[in-house]
Amino acid sequence: MAAERHPAAPPEVTCRGLSRTFYGRGGAVEAVRPLDLTFAAGETTALVGPSGCGKSTLLRLIAGLEAPTTGRVEIGGETPLAVRRRAGLAVGFQDPSLLPWRTVRGNVALALRLARQPADEEAVARLIGLVGLDGFAGSRPAALSGGMRQRAAIARCLVTRPGLLLLDEPFGAVDELTRQRLAQDLPRLWEARGTTTLFVTHSVTEAVMIADRVLVFSPRPADVVEDVTVDLPRPRRADIALSDAFRALTERVSAALSAGFAAAERPLAAE
Amino acid sequence: MIDATLARLTASGRLGSVNGILLVFAGWELSARALSGAFLLASPTEVLAYLAQNPGLMGRALAATLAEAAAGFVIGNLAAMALALIVILTPRLERTIAALALLVFCLPLVATGPILRVLFGPGVGPQVTLAALAVYYTTFVPLLVGLRAAPATWFDVIRSYGRGRWTELVQVRAAAALPYLVAGLQIAAPAAILGAMVGEFTGAERGLGVLTIRAMRGLDVPGTWSLATLAAGVSVAAYAGVGWIGRQLSSGPPPVILAAPVSPGGAVGPRRVAGGFAHLALIAVLVLALWTGLMDLFGLNPFFAKRPDDVWRFLVTAPQAAEHRATLFWALAETMAVTLPGYFAGLALGALIAAAIVLVPPIAAVAMPVAVALRSVPIVTTAPLIILLLGRGALGTITLVAVMIFFPTFVACLHGLRQAPGQVIDVFDSYASSRLQRLMLAQVPAMLPAFFAAARMAVPAAILAATVVEWLATGIGVGSLMALSASLSDYGMLWSAVAVVSLTACTLYAGVARLERAVLAVYASEQFA
Amino acid sequence: MTKIGLTRRHLLALGGAGAAAGLMRPAPLFAQTPVTLQLSWLHSVQFAGSYIAQEQGLWADEGLEVALTPGGPNAPVEPPVVAGQALVGISAADYTAAAVENGAPFKIILVAMQKNPFTIASLPGNPVREPADLVGKRIGMALANTPVLQALCTLNGVPIEEIEIVPTQYSAAPLLAGEVDCLLCWLTDLPVAMAIQGVDSVTMLMADYGYAVHSQTYIATEDSLANRRNELVGLIRGEVEGWNAYRQDTDAAAALTVAKFPDAGLDIETQRLQAELQVPLMFSDLTEQHGFGWWTDETVEANVETLALLGRQVTPDLWDRSILEEVHGS
């Protein structure tokens, strides 16, 4: 199916000196410290870190939904706005953000319309099937569970065949069993298309299971404390989690997370 | 809700608003100069000069009208709060109370004014009562919504400690209702002033309404516009003042009024149609009993206080009943012929300007002051002059009706447009979609609940505006018929008109409510969860 | 001590004010009976005779404490009289006839305006001086007054279908804006307003062309006529004396009106002109001969005929002269 529509080749994403500071009543809050990062074309990167560390902000900066305080983002040599204009990227938000008055089918089809792509009922139906919502295409979001809504949102992200996929805790509201299933099944969808993917997660296991690379962030302001390459073979099945290599990787990521916490807490303890 | 919108607009463009206000005044001055000698429009400078020359007279009149309006404001809003509390504590009574409250709100004031004067005799009784009647419904409805605008889990918390409805009310509902109450009170402030002025038409000794009649008939154009300006000025001030107090009391911005109505006689689903009709019959019996009972209680003379059986005789069994019906329904048709276009024009204009502001935000700087001013100028002072300006045809009345309902619709729509759920706007941004696309696909559907709430409340307002204009300016339609019937002691016709106009208003309201339920079942199904 | 002194001074001040008021109005010799006179419109020199009666204590002499309640565009006049809240109301023969038709037990007990004030007002450039001039004109009036115009046309043989009726409410603005050629209005109202604004107008009094409808008629119920005779006589006696005083000096009456109602927004020039203009409507050879408020069988007959043209069937016994006869001692 990918061959039929010739999707754009996945882009490389580069961030140069990227930072974001929020100015509010309580003074300035630095959400993202100046970062230099490169995400290779077609690679899947997991961003892990404590709550509120600025991962979501980083994702929004890369999508261009938030203007950086300093630095810039390039996606395959283009600005984020230019990429958005040709629907070269898609964002999956923490909240499924479905329009309540549209059916699942209508919500997925909406993305095609927003991306100025021709209506494609067949593609919409296929993606709804792929995320396991067969039989719910005509339902409105209010009639679905939280996990089903999130899967509908993922279908919406994928239907426009973006070269860059930015997912913010895509499995956040899903029960553990479904979560494991999605973590196995969905990556295949974008892997087959060769998409550059960045996704935020709290789950170390999930990160290692899905990603080619895991970036561990410190508490706010977001700064990379560990960059872990996941060189496990693909496709990965559930039982890979039992392997020593897998365990070693998760331990390394967890250790980096704890170290990040400790580093952040030290000044507090000193006072 | 209005307050939050205004606050946001002024915060975002205070300088723009100042420019907008200056632009409005400049336009006014220029129009007045262009029309000078026509005895139609006084310029702002003439108005200032008039106010400077007559400070004592205008000050005393203002004080008198404000005192009446304030008393009516307090009484009407307390009544609204009492009704809302009764409904919350005994939910069973909701449909009955809501229906009666609507019906009383729909009573045409051309007819209620003289009756109140007879009831109260000399003094401020009718002024205060009409001011109270003008405000209670627009407070009652949002307050009821607000008292329920708390998540079910909060109530579960209260119940888990074994506490009841009273604790719920004090601990949860009161706080949840505050922003809604403030929104209601804000709309009420200018309405109370208009109500008091119309009350003064029933034979008051002093007040802005009294001076208005005098200035109108005395061809005192600067006087007329000075009174209009003064009344508009205090209305805007009262509106802003209530908003300011509301902001001091509450932390978050007031949410928009979303809940679909319990339609007065209507049923929700087909299964409940039978229950709906039974309820409708109950309300009808109750209304007839109250009608007769109150008249007997106050010992109102049957010469002018016609009972339901008198109206029945007048319209159905009397020898000239067919003639009576023809007169009444022809007049009603004339009224509806201007009310409905004005109603739809006002709704459309409100929604369109709100949409325009969302598309091109700087428009707000000019549109907002104009909208507030238009809403606050009491229709009774300027209607005859505006009719003269726009011509005696249907256009003038339609315009005035549209102006009366434009503002609440506009504000509700503006707020509603900003209610697009969650991160939906981010989704649109992630495809760099245009503002228009965002408006049409996300914001307009999200606006629908607010729009329909405004459309419902606009029904009585539109009929009120049309009948007042007919009475004071055009001399046709049911507004004029009611005034004429009163002057010719044709109280059979007057009460028949009251009954038919009120019933028409309630029916249209129920019709809008039904349409609202059908549309919201698709666009805001969570409202019925 | 100081406090008591202050209180005493305060009391003295109040007493002083009371005494001053007492000087202005003769102190009543016995308990006053409160009665209400319901006016037909806002306070103005239109009711100056009543104000004089009140201020000069003419009613107090009769043992009455009269409250004057103003009317207005949405004020009831007949209902308070029916309900007994007002002893007497100020109506007009056509409105009274309509009320009686609808079951009100009214009698006319005094006719303040012998001549009906209805007037056709026009501008000098395009004047209406007599009924025939109406042909081809656009007239601004309340549609409700169509029977009035019809009656005038019938009385003077003018084809009403050749007059274009433009429905307007009560204001001179449509005439000045050129929307109409003439207005149906009261002589003492819109033409006065135009004159004060410096606009000359031509007026044609309909009463001069056969339109005989008593105006500013004082009405009372049959029940009051039977049971509250003394009060009615007292009230009407005060009225008659008040209006006689009014005639002596209309400027003084206008000044009194403006001073008495500082909140009514009255303009002294307007009030003076109005006071002057209503004299020929209220006073005539008839009143000269018989006294203020009088009527004869002939004037009543003319009224019955004109009212018939307006669609009101009345009999001469709608007028009850017994109170006036007692007042004028005939």
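A few notes on this one:
Should a chain be cited, it is by its letter among A, B and C, assigned in written order, with residues numbered from 1 in that chain.
Just so it is clear, a residue touches a chain if its C-beta (ideal position, glycine included) is under 8 Å from a C-beta of that chain, and two chains touch if they have at least 3 such contacts.
Computed from a predicted structure; not experimentally measured.
Put simply, the chain closest to the centre of the protein, by Cα centroids, is B. Set against one another, B-C and A-B show the most C-beta pairs in contact at B-C.
The mean-CA centres of subunit A and subunit C are about 86 angstrom from one another, to the nearest whole unit. Rounded to a whole number, the gap between the C-alpha centres of subunit B and subunit C is 37 angstrom.
A separation of 49 Å divides the Cα centre of subunit A from that of subunit B. On the subunit A side of its complex with subunit B, the touching residues are 63, 65, 81, 84-85, 87, 89-91, 93-95, 97, 99-101, 110-111, 113-115, 140, 142, 156, 160.
On the side of subunit C, the complex with subunit B involves touching residues 36, 42-43, 67, 69-76, 78-80, 82-83, 85, 95, 98-99, 101-104, 142-144, 166-174, 176-177, 179, 189-190, 193-194, 196-197, 261-267, 270. Across the complex, subunit C is touched by residues 38-40, 57, 60-61, 64, 110, 113-115, 117-118, 121-122, 198, 200-206, 210-211, 213-220, 223, 300-301, 303-304, 384-385, 388, 392, 471-476, 480, 483-484, 486-492 of subunit B. Across the interface of their complex, subunit A is touched by residues 421-424, 426-433, 437, 441-442, 445, 522-526, 529 of subunit B.
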